[in-house]
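Take a look at the structures below.
One chain, chain A, links the two complexes that follow: it is found with chain B in the first and with chain C in the second.
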Partner chain A sequence: MPLRLENISVRFGGIAALTGVNLEVADDSVVGLVGPNGAGKTTLFNVISGLVRPTEGSARFGDTDLVKGKIHNRARAGIGRTFQIPQPLHELTVRENLMVAQRFGAGRIDPSRIDEILDFLNLTHKADAQAATDLALSEQKALEVGKALATEPKLLMLDEVLAGLETSGKRAFMTMLARLHREWNLAMIVIEHDIETISRLCQRCVVLNFGKVIADGTPDAVFRDPEVRRSYTGTGAAEHA
Partner chain B sequence: MRAFPIAIVAACYLVVPVVLGSNDYILSLVIAALTLAAIALSWALLGNLGGMVSFGHAAFFGVGAYTSALLAKDLGVPVFLAMLAGGAGAALASVVTMPALRLRGPYFALAILAYAQIFRILANQMTGVTGGAGGILSIPPLPTVFGFDFSSKLGAYLVILTLLVLGILAYKAIRDSYWGLALKAMHDSEDATRVIGVPSTRLKAAMLVVSAFMAGVAGAFNAHVIGFLEPDYAFAGTWSVIPVVAAIFGGYRTLSGPILGALVIYLLDQLLFKTLMPQGHQIMFGVLLGAMILFSPSGLLPLLTKPFARFKPAKRTPTPEKRHAAAA
Partner chain C sequence: MSELVLQSLYAGLLAGGYYALIALGLTLIFGTMKVINLAHGEMVLLAAYIAYTAESVYGINPVLAIPLAVAAVVLTSVMVYGLVSRIRQDRELNSLILTFGIGIVLTNFVLMVWSADIRSTNVPWFNEPVVIGEAFYSTSAQVLFFLAGLGLTAALWWWLGRSWYGRALRAVASNRNAAMLMGVNPRTTEVISFVIAGLLAGIAGVALYTVAVIHPDLGHNLTIKAFVITVLAGLGSIPGVLVGAMLIGVAEYMTITLASSALQELTGMVMFLLVLFIRPSGLFGSRGRVG
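Entry: the complex of A and B
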């Protein structure tokens, strides 16, 4: 069930947030989405998840039309996402967050699956904690992933899920994401500024700048691209790559 | 912990009729207070669970009252059936207000307020149906069933008490369901709930319909108890303001807070403030509300339960299976 975006443009008044973006994501791939701040990465996620309607272009996920459909139907279609700033469901416990996501996103109730997700994300001991107030940042980020997983997605979109974590936390999270792809058989789009993460996690990398795709290829090839280096990564990144 | 509410309900059914059964004046005050509590509860369904503050519940109260009164008087529909139809009429009227669901916060509150005014104007203008400003007189009273006269004070008390209990059960069932969880989650993070598949607009619309139905039944009950209707009464701002005041005074975002608030405010007003200040006694609502916000922003309920908090047994964490069973 591949994701296919064709000629997606988004304008906010006079500002072009995205211009003619084409993107295909195959069933089993992990795609990194990088670019400087304001490049349009989160806007692209918002288009896919329905929070922003494109000014023009077409977007499909399998048989689902992503331009016309309702936001809540994306989860049933198999699209899960996280937010850059964690958005736990207020007044609910961690377990209740997952229960709501499973009931409405996957359309079924399976407590053992919730336990499995809690265990996978190391959140079992926080299952009855208040999601909005009792979690550390890394746990809130894990819960973001957990909510998306509870909807049983085929495509998981992660928006700077490692941002703000310390080095050891980042490593643990990255290992967890790699396991997710491998063991849960998910396609993923990962927005991330950390080049090491993109290089280790993604088979393919797409670079956005000023709302346009300026590079698309393997992380190594992309980070060697002079235009990418000029617009985004700088010399340090080139050395790393 | 369930024993306490059950004991209160049992006392309302068994003790209150014995103690107050012969005092028509006090019983009529209690009936009016319970009617307000029913509207406050209907408001709380939308405000507490749905997260939408309505300043227009008078619309649903009035539509319910007129629908039931007209069906019973002009078409001879049995009163209890007409009351249900009154609720259905109010629910139908709420469909007209649904465009307001696109608005949030104060914009929604004001839009609903406007709808209430529109319904009042319609009731005034549609003289052929509603009798216009002259209103409707001689509305059939509550019936006698199996020899028991529900139009008596005691009968009316039992009817409104039953309506309130049914409303409480409906509120509780919704609150404890997955819908309730999703509604609770939607208050502060609607986008986050929508991307995990929660049909937020549909849920809010459903809450509006249920809330309107409940307010409509309360309005219908009131019409058959007082026996007359006119637009400025049926769609009066009081029916919109009292539930808000009651919910904030009693305990916002709790089940019992709005009910407690409505009972305390109305009975204090009628038994105390009205005696002390025959003119302008309603100003005391504002004073009470201001004092409550200053000294106990969470309302009267936490103030009353605080002294007993230390006797409360430690909260047990339900097993996942129990949680799912409760929410399913």
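Entry: the complex of A and C
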């Protein structure tokens, strides 16, 4: 059930946030989405998840039209996402967050699966904690992933899940994400600034700059591209010259 | 003197039960949609007049008119939702203006259909005295709707905490976008909250008719009382509504006993202002909570 975006453009007033973006994500693949701040990465996630309607272009996930479809139907179609700043359902406990996601996103009730997700994310001891007040940042990030997993997605979109974590926390989270892809058989799109993370986690990397795709290939090839280095890392310009 | 104070305390607590009934719907809708329904009091009043019509025209006991009153108010409530949900920008502010206007329309509708005369029940049972321990006096209606207030508050709290749609409603109240991406249809939960608010307002209206006199101007007083209780409780807090309603009830009856009945409404407003100054999130509040 591949994701296929064709010629996606988004304009906010006079500002072009995305221009003619094409992106295809095959089943089971892990794609890194990188680019400097303001490049349009989160806007692209918002288009896929329905929070932003594209000005032009078409977006499909399998048989689902992502341009016309309702936001709450994304989860049933198999798309799960996280937010850069965790968005827990703060009135609910951790377990209730996952229960709601499973009941309404996956359309079934399976408490043992919830326990499995809590265990996988090391959140079992916080299952009955209030999502708003009782979680450290790393646990809020884990809950963010858990909410998406509970909807039983085929495509998981991760928006800077490692941002703000300490080095050891990042390493543990990265191991968890690698396991997620391997054991849960998911396609993933990962927005991340950390090149090492992208290189270790992703088979493919897409670079956005000023709302346009400027490179698409393996992480090694992409990060050697002078234009990418110039726009993304800021180090390529001198070498290129 | 101490007997009078105890009696005021008792009467205030009983009044708090049905005040809670009046305020619960307003709290629920605010918790879900961040909309303050300024037509809420008029919807309660509409139910009261339906109970009056059932009794005076058809000779039906007002309590038996609850299904009809509830049906009419739920329908009105869903129509209000239909209008509120069409507001695309600045919903919190624009819905105030819209629902204020709907309140005026409803008041004039009541005035047109039932005239400006005051009305009260003629069913003797509602005014029969209930005496507990020879010290606490009340009427049957006060006790009945105090218990109804307690029961319905508990039921609503249970429903929000334990049922799937109760959780979904709290999910939307917590974070609408996140809830949608988890598969929750926010419109369904919003409609449900307006239906429940209508149901509670319908029962509150019948309660009002049996414990007090009604007249067409009463609607906005009821809205203000419900709003004061909701703010006192902490916007969106269901158990807080019961406690806030009882505090208001006790404060009002104490004022009547120790000072003057003319100051009854002022007491609530003073408490309202004190809470806003000292604890703006209310006694049990966190922003946007519901449950």
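The rule we apply is simple: the second predicted complex is superposed on the first by the 233 of 241 C-alpha atoms of A that agree within 3 Å, B and C clash if a C-alpha of one lies under 4 Å from a C-alpha of the other, contacts with A are read in each partner's own complex, and residues count from 1 in each chain.
As a convention for this text, a contact is a pair of C-beta atoms (placed from the backbone, for glycine too) under 8 Å apart; a residue touches a chain by one contact, two chains touch by 3 or more.
None of these values were measured; they are calculated from a predicted model.
The superposed arrangement places chain B and chain C in clashing positions on chain A. Look at A:L158: by the touch rule set out above, it reaches neither chain B nor chain C.
In the superposed model, A:F83 lies in contact with both chain B and chain C. In the superposition on chain A, contact is made by A:D128 with chain B only, not with chain C. Contacts of A:R95 after superposition on the shared chain: chain B is touched, whereas chain C is not. Residue contacts after overlaying the shared chain place A:I191 against neither chain B nor chain C. Of the two partner chains, both chain B and chain C are touched by A:I71. In the superposition on chain A, A:A142 contacts neither chain B nor chain C. When the shared chain is aligned, chain B and chain C each come close enough to touch A:F104. In the superposition on chain A, the residues of chain A touched by chain B in one structure and by chain C in the other are 49-51, 70-76, 80-81, 83, 87-92, 96-97, 99-101, 103-107, 132, 147, 150-151.
Contacts from chain A toward chain C in the complex involve residues 49-51, 70-76, 80-81, 83, 87-92, 96-97, 99-101, 103-107, 132, 147, 150-151.
By the touch rule above, chain B contacts chain A in their complex via residues 178, 181-182, 184-185, 187-189, 191-200, 317, 320-321, 323-324, 327-328. By the touch criterion stated above, chain C contacts chain A in their complex at residues 164, 167-168, 170-171, 173-175, 177-186, 286, 288-291. The touching residues of chain A, when paired with chain B in their complex, are 49-51, 70-76, 80-81, 83, 87-92, 95-97, 99-101, 103-107, 109, 111, 114-115, 127-128, 132, 147-148, 150-151.
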